[in-house]
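Below is one structure. I have some questions about it.
Order as written gives the chain letters A, B, C, D and E; numbering starts at 1 within each chain.
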Amino acid sequence: MTRHTLKERSRKAGLSPGTLVHIGEKKIDTVKAVMFDYDERSCSETVLTELAQCIVCRGKPSVTWVDIEGVHDIQAFEKIGGCFDLHPLVMEDILNTDQRPKLEDYGDYLYIVLRMLTSASETGEIASEQVSLILGENFVLSIQEGAKGDVFDSVRSRIRGGKGQIRRLGADYLAYALIDAVVDNYFIILEKIGERIEFLEESLIGNPGPDTLKLLHHLKREMIYLRKSVWPLREVVAAMQRRDSALIREGTGYYLRDVYDHTIQVIDTIETFRDMLSGMLDIYLSSVSNRMNSVMKVLTVIATIFMPLTWIAGIYGMNFKHMPELEWAWGYPAVWALTLAIAVGMMVYFKKKKWY
Amino acid sequence: MTRHTLKERSRKAGLSPGTLVHIGEKKIDTVKAVMFDYDERSCSETVLTELAQCIVCRGKPSVTWVDIEGVHDIQAFEKIGGCFDLHPLVMEDILNTDQRPKLEDYGDYLYIVLRMLTSASETGEIASEQVSLILGENFVLSIQEGAKGDVFDSVRSRIRGGKGQIRRLGADYLAYALIDAVVDNYFIILEKIGERIEFLEESLIGNPGPDTLKLLHHLKREMIYLRKSVWPLREVVAAMQRRDSALIREGTGYYLRDVYDHTIQVIDTIETFRDMLSGMLDIYLSSVSNRMNSVMKVLTVIATIFMPLTWIAGIYGMNFKHMPELEWAWGYPAVWALTLAIAVGMMVYFKKKKWY
Amino acid sequence: MTRHTLKERSRKAGLSPGTLVHIGEKKIDTVKAVMFDYDERSCSETVLTELAQCIVCRGKPSVTWVDIEGVHDIQAFEKIGGCFDLHPLVMEDILNTDQRPKLEDYGDYLYIVLRMLTSASETGEIASEQVSLILGENFVLSIQEGAKGDVFDSVRSRIRGGKGQIRRLGADYLAYALIDAVVDNYFIILEKIGERIEFLEESLIGNPGPDTLKLLHHLKREMIYLRKSVWPLREVVAAMQRRDSALIREGTGYYLRDVYDHTIQVIDTIETFRDMLSGMLDIYLSSVSNRMNSVMKVLTVIATIFMPLTWIAGIYGMNFKHMPELEWAWGYPAVWALTLAIAVGMMVYFKKKKWY
Amino acid sequence: MTRHTLKERSRKAGLSPGTLVHIGEKKIDTVKAVMFDYDERSCSETVLTELAQCIVCRGKPSVTWVDIEGVHDIQAFEKIGGCFDLHPLVMEDILNTDQRPKLEDYGDYLYIVLRMLTSASETGEIASEQVSLILGENFVLSIQEGAKGDVFDSVRSRIRGGKGQIRRLGADYLAYALIDAVVDNYFIILEKIGERIEFLEESLIGNPGPDTLKLLHHLKREMIYLRKSVWPLREVVAAMQRRDSALIREGTGYYLRDVYDHTIQVIDTIETFRDMLSGMLDIYLSSVSNRMNSVMKVLTVIATIFMPLTWIAGIYGMNFKHMPELEWAWGYPAVWALTLAIAVGMMVYFKKKKWY
Amino acid sequence: MTRHTLKERSRKAGLSPGTLVHIGEKKIDTVKAVMFDYDERSCSETVLTELAQCIVCRGKPSVTWVDIEGVHDIQAFEKIGGCFDLHPLVMEDILNTDQRPKLEDYGDYLYIVLRMLTSASETGEIASEQVSLILGENFVLSIQEGAKGDVFDSVRSRIRGGKGQIRRLGADYLAYALIDAVVDNYFIILEKIGERIEFLEESLIGNPGPDTLKLLHHLKREMIYLRKSVWPLREVVAAMQRRDSALIREGTGYYLRDVYDHTIQVIDTIETFRDMLSGMLDIYLSSVSNRMNSVMKVLTVIATIFMPLTWIAGIYGMNFKHMPELEWAWGYPAVWALTLAIAVGMMVYFKKKKWY
């Protein structure tokens, strides 16, 4: 839950359960809805001007998919809830866009919450959008928050073109196809994160600094966020795969097992990324220690060589009346010889100690 | 368990089980009790001057909610225990205000313990108050410790106004509504903590110091405390949702699943906050190391430049009789030239090593 | 397992199972035994001069509690074992005082091992004593190692005085009361540890040093020890509460749930203390780093100011024939002016860098 | 999942499930296939020029093993899928070479994914190749990615030579033999890693440096990778051993238990290696600290000896008119005596403090 | 798995399962075998010159124990395998001396693997030897690797002397007695390790250095090794205790519960030792930091006192013509006064800062 939604969520505290309040950012101006109605032979696509129009699909044997973008228009949603006999709590959850992925069985329909991720192309910042699916006997409602673009274009084109099996199979297969599209998109997000981790690793070896640390910290937090979005999905898909509900037909089971597998792969990759980032922090700290060590060595070498020399020079800068060395003709060269001997001796000593 | 309640708890060791002793702070002077009695058509609200008055509700078909504030008046509680046939251990637990959230099934009634959190508005300090719920066939007892204010005002106004479903449904729905109010309040608390974490993060980047560390440590301990209050709640709500007891009607199941969901969200957010705080400690330690490193570099640069120069000056400060350089006309300028060469050379060397 | 008992335990390796050898410290000179025999109406208390005397209680309908202190007299124990038909392995475990808490069902009786904690009043050092309980149809044997004092005085006075329900209920309630007394005592121990942790925290903030670290380390090890003594108790009480054995009557279930709850509270508090101590180590290490940092800053400030100044003084201490500055009338004041300028400049620079 | 396969995997997002796309490196130019057909008496080995030739084995009582190398030829695989009635999702998974080990039961056949490891002989770099097994009634398909060499030569020679039981037993035993060969190979890989860890340990003690840290980090990441390849295998073999499918005959159970055991041994060894590597990082950091410590001591000893001496020399280098010591005949020797006294005194002091 | 056995294990990769190859060190020259045959009344002890002689025991009602030392003679083992109808995989596992403890039920017999530990008396180095037990209807085979000495002498003397119950009870009790002897020996090993940990702790407080760290690291690795040997044993004994096999008679259950308890104690002690060793590393690192801190303070104190003094001396060593102070009669004493003031002032300042 982000700070932003926490703030809105806490404003809602104390309202009667089932009270419809939109929680989250308003990502679109007007609610848009598109209805697909298809069976093996035909397929129609209608842009709904009024959400309540979707009522026509009830009772038809064909599969209907109503895809709605934007969740801030509470009146419109109340009508939809009426059309499909949705429980007030479902209505409430659709409008609160801070749900974690979950599956709820209401007998006549399943309510599924997913999180669709997007990654800002310039900064690589990851954002997420809540997608609610209502899977009924022969219809699927999908409700998005309304951020620009989604990951369902491939499903739409398969329905339009009659490619694959989607037109031959029922609403449960459609729900699967939508979930699969969401999960497939995670791989794209992970790929981008993978690139940034690789970049981080290179800059750790090349030129580590406070910025590297900030990036590392930032990536770590994105992994926490990602993990929260994906982990519960595992249970959702597993529950669908067990087919506790009669709404999931037998043949869809294999497909759900496949999407379950992908979810596990995503989780595995996230965990690996987390392990890699932890390892990098260790490396960073070690390399800071190492550089401190080498700085200290430079200082110590310099001090160890020049302190005795300065002292010697100091000795013969004293103004005692009786300092026989000062009178000697070879006194000055002798000091230089001693100086050289000390410098070279120290060098050899530090060389032997492998200090440089 | 805080130090304070530990101290009182340990004083109670050795007493016979079921002996009523109030453990905890006395947060109110006199015990206050308000009784709501309602069904779909009517609703009465009575301030009880004598706790035993609530006996009138037994056997009536309407739903009765007795809300009691203050748990230090043992005699009064003994009467209530008698009215509702409460087990001595339940009485004992109501008075010991250091319970963790739990659900106990006593056949005729369920005993539920919750922790209601409050956050001092000026310091943000989190405090908690024990709320005991007794859910019977057609009554709910709620017993608070008596700190000023509670989170049940929204429930009260819904009962008074007949808003929502609360007047149509039974005592189990009322119990749900109370639990929901407590959990909803957690979001408000978390929002405040979120603000403080954000503030901490900014001060970590801007101007970290020992105070930052103290705040970090303080927030970590508050998360430990919060976690202890919320984690067991999950099991409590899950157990209610499984409807092992006949006191929970079927229709309430969906609502309990909803509050279960919220509990998970709260736990998720707490875990995320914990992860974030751990990450911040790493950042803090790294930045301390980094600053130490840069301090060392300043020292080393200064020493490396000035030690050789001081030595050179020392050399020509010696008082040997025979030092030819001293006689040379350009001896002094030559020393300056050498000095400059060394200084510039060192500068270039450190620049190349990226030390500043 | 402490080093001491490990040593003795390893001496026993290779003996036939069931061979009775006392392992542990001998904490008392002569074995003492007191027999309580009570029902709702009457209660007798006998000091046994001979352990075998307790045979008289077998077959009586009243409840008998034989409390034995001291486990080093093997002959006496063999007689008791005979009286109550104890399995040789039970006899062996009673005498080996390094058992972890456990519950073993031998059909006719349950064998329960607890660890009773004591905290030396002056040093706060925690010691533990093994308490074995044998719960039979209508008798309870409790065997202590024999350290001075125990936590059962409240149970004794309740039996003598007929307070509470203890005289009305059976041997299983007595066993519960003894376990409850042991667990209640943990709160007292925890309270003392809480005090020491608070003291540690204050000295961490005020004046941390190697002693603070030693105390921290010491408390950590005590938590490890405590945890080992308490964790398994949870399973013991949970198993009793499940009432797998017919020896536990139904009404006792609620009481056992209560003591289970207390055990969880104790474990919770131990875990919180562990978390707090871990946090303190982080604080300690950070504060060591911070102090090192400030030491380094002092050194660097001093060196950065005085090295250039010393070098300047060195320059004008050179003995070149031709050094025009030396002749100038305002040469010496100029050096002072330069000195001041450098010192002030450095001060300002370090001030800006927030080094002091 | 490596970065490379992530990139390709993300390209596939949005395709209809069951769409065949090869994901992974193309490791071989042309797809190669070899068919073994054997029973107790006879054995034939055919190199297939056309993958569809393997259709001849359907319905024969003898066991057929078709071993295919290379997965990039989608047309050829579509034919095979047709011959053996493979589910489109199986076809898809065979071609996506980034699967984690898994077992899927499709009723008529089991689909098993393994990861075959190879270790580059010169760099010790570990690479992995996906091996898909299709275990049917009397046939096994094994599909490798096509990297040069595999670990099945021993199985081939046992089939050819009729050694062991392989020719007497069915397709399930053959599948076991292939899995066993893959797991046996892990021991070889682990042995090589063990050598490198030993080398690392020696260089940690002998001459640690940034390279040691890099190697340590590298080995740690290889352990993460290895672990991901092996952990899921455990469940795969456990599931086979439970013989939920009728395709696994009873006698094979013991053999699968054996390979399960080996898998556990491999996992155990990996975990031990991980523990060892973690311990080494601690050692590394401690030794860096220790060396820093000793560098600091050298610096401090030097500074502590020569700073006072230089100051003394400075004192007598002052040009005050009235400095009586300068006139004294034994002034200069006295300074030397003082110098020696200070130097020796400091030496003794540091010796006592065990600084060198 | 040690490096040594890994190497040999990897050599075996690719062999047909059930191929007998000895993996591990050859610890004895010739295979030795001793057969005990006993019932309640009589007991015979035979040294077998030929392993196949043990066939005589099959079918006799008395209990037979064949104890074999040395596993490198493959021909001999093939004969034994024949006598007792052992599965080829059991034969293979007996010869591969790198098994983890496990229990395998082959219907007619149980195959149990244990690890017997020995600790070299002079270095304290822990070594382990594989012990395989075959528990049949009325016989036990125990196969040791053949290292000098074992832990079964107490069992032998109990059989010979008829002490305890061993002669009255069956083969399952004998198997229990052998396992018990192995587990009892763990306490002796742990005692020795406990001594070394205590020694380590003392040297940590007294005189820590790189050697302390090496010992700490070494003990940590021994704990990893020990843990791997003991953890799986827990499951082995638990499985026996559940008596899934008819070979374990009811009365033996109590004894197995006892040995299970001991195993838990051993594991508990190992975990405590691990916790203690982890705590010691923290202490070590803190004390290194602390000492570095105190070294830095010495340096800083010295530098802070002598740098200003040297600078003052330098000032009055300048050769400016016009330096009025040099002419003053009390100039020189004034410098000394200033010097003393600075030195004392610094001392006081550092004293106040608690730097020494």
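The rule we apply is simple: a residue touches a chain if its C-beta (ideal position, glycine included) is under 8 Å from a C-beta of that chain, and two chains touch if they have at least 3 such contacts.
The structure displayed is predicted, hence computed values, not measured ones.
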Query: Among the remaining chains, which ones contact both chain D and chain E?
result: none
- request: Treat touching chains as neighbours and tell me the shortest step distance from chain C to chain E.
  value: 1
Task: Note whether the interface between chain B and chain C is symmetric in residue numbering, meaning over half of all numbers used appear on both sides, and answer same or different.
output: different
- line: The assertion on chain B/chain E checks that the Cα superposition rotation, as a multiple of 5 degrees, is 145
- prompt: Between chain C and chain D, what's the gap in Å when you average each chain's C-alpha atoms?
  reply: 42
Message: What's the distance between the Cα centroids of chain A and chain B, rounded to whole Å?
response: 26
Query: Touching two or more other chains, which residues of chain B qualify?
result: 285, 289, 292, 296, 299, 303, 307, 310, 314, 317-319, 323
Task: Take chain D as the starting point, go toward chain E, and spell out the full loop of chains.
output: D, E, C, B, A
Touch list for chain C against partner chain B, complex: 151, 153-154, 158, 163-166, 177, 180-181, 184-185, 187-188, 190-191, 194-195, 198, 205, 254-255, 257-258, 261, 264-265, 268-269, 272, 275-276, 279, 282-283, 285-287, 289-290, 292-293, 296-297, 299-300, 303-304, 307-308, 310-311, 314-315, 317-323, 354-355
- request: In the complex, go through chain B and note every residue touching chain C.
  value: 1, 3, 6-7, 9-10, 12-19, 87, 89, 92-93, 98-100, 102, 104, 106, 207, 210, 213-214, 217, 220-221, 224-225, 228, 281, 284-285, 288-289, 291-292, 295-296, 298-299, 302-303, 306-307, 309-310, 313-314, 316-319, 323, 325-327, 329, 331-332, 335
